[in-house]
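The chains carry the letters A, B, C, D and E, assigned in the order they are written, with residues numbered from 1 in each.
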Amino acid sequence: MQIGRVIGSVVATRKHPSHEGLKLLLVQPLNLDGTDRGDAVVAVDALDAGVGDRVLLTNEGFCAGSSVGRWPATPIDAAVLGVIEEIELLPDVRGQR
Amino acid sequence: MQIGRVIGSVVATRKHPSHEGLKLLLVQPLNLDGTDRGDAVVAVDALDAGVGDRVLLTNEGFCAGSSVGRWPATPIDAAVLGVIEEIELLPDVRGQR
Amino acid sequence: MQIGRVIGSVVATRKHPSHEGLKLLLVQPLNLDGTDRGDAVVAVDALDAGVGDRVLLTNEGFCAGSSVGRWPATPIDAAVLGVIEEIELLPDVRGQR
Amino acid sequence: MQIGRVIGSVVATRKHPSHEGLKLLLVQPLNLDGTDRGDAVVAVDALDAGVGDRVLLTNEGFCAGSSVGRWPATPIDAAVLGVIEEIELLPDVRGQR
Amino acid sequence: MQIGRVIGSVVATRKHPSHEGLKLLLVQPLNLDGTDRGDAVVAVDALDAGVGDRVLLTNEGFCAGSSVGRWPATPIDAAVLGVIEEIELLPDVRGQR
């Protein structure tokens, strides 16, 4: 999984029937030092995360599809799986936290 | 998922039998600022999107395969899952919309 | 899926038992302007494509594995799914065809 | 799989129910010469690895999901599958070990 | 799949129980001209390939997992599927062989 930050949301009017009721978040993947890691992805919100939250992001379809309990009928390839509270780094590997 | 723009279509005469009746779209993945994100992909149209539409794109096989209700017998690795109406960005993260 | 060009073939003498009888093609993925998109991949021929053909290529394992009707017992991660006859591009997005 | 080094851990308070009891490690993928290979990923600990260990890492969802015996109901896309004791390199290909 | 060269092996003492008895090879993916294609990966040996062999490599989890007949219980994301004897290239596309 990756660390990411929720930076917005996406609204689709016409959509795949199985997406009805799912909330789509814009999530910016982050490097350990907090800088952007590529561009933002559109991820399904699997636990009611809020804009601004630092989250645990999966950007892989098999994994994401199983996160909302609708597998395999719902096409999803990215999901927010947790709200990260703390990142602990080995001191002698990387000094920053 | 990614944000993309439908920029064309592809016609295959000889094709995998399970692809019969599927419409193949050319979709250009986009960054949040609207610039191109890599090159275009060939995606199955899962909801009758039109050329020029801004769409929700999956580019992952497990996800795409389930989008047309023919899983797992139909080989598909990209699909258009929604037509995007609005993208809402956290103001203090990225100013543009 | 991607657009590709069949540029050769690969012969393996010792091979996975389930690969017996499968034809392995070398396929060069292409950008929309016809230039190379990364390096060539080895793909299973799911419809008797010929060297030189412009084809519909999948480079994803779940998708490719289902293309030869031997899923999930045959390990395959790339396959040729169609021979492309025509690519239609939105005129005001990209002028070339 | 890739070679990686455990460099820390991640704590998520609000999380996917199926993640209850799983330990999340920060793993830095490594090149053969020991340099960093991209940025760190968040991986599930499938065998009680410790911070500082050199490990066998999978960063693919289908594979990782099956590593903790909760497949397919638990969304996971990266896992630590082994602690590496020795890497043996063909002498005339690469001299370093 | 990709073309690769077996350049070594990896030994893990503590490992996922399902990996017992599997041989882990270090495989360097290759471009068509024989140069390195990214860094080496750790792949399961599905057919007793030897160090130095030019092989057919899959680096995708669903595919690799099915190669050793232990699907879906064994987490694997890369495997050697064949020993390549001959690569035939279209003469007017690429002259080298």
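By our rule, a residue touches a chain if its C-beta (ideal position, glycine included) is under 8 Å from a C-beta of that chain, and two chains touch if they have at least 3 such contacts.
What you see is a predicted model, and the numbers here were worked out from it, not measured in a lab.
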{"item": "Rotation, 0 to 180 degrees and nearest 5, that superposes chain B on copy chain C via CA atoms", "value": "70"}
{"item": "Between chain A and chain C, centroid-to-centroid distance (C-alpha), Å", "value": "31"}
{"item": "Rounded Å distance between chain A and chain B, as computed from the means of their C-alpha atoms", "value": "19"}
{"item": "Chain B residues counted as touching two or more neighbouring chains", "value": "60-62, 64"}
{"item": "Neighbour-by-neighbour ring order, given that chain A leads and chain B comes next", "value": "A, B, C, E, D"}
{"item": "Chain C partner contacts - residues on chain E that touch it in the complex", "value": "1-3, 31-32, 37, 46-47, 49, 56, 58-64, 66-67, 71, 79, 81-90, 93-94"}
{"item": "Sites on chain B touched by chain C in the complex", "value": "5-16, 19, 24, 26, 28, 39-43, 51-52, 60-62, 64-65, 72-78"}
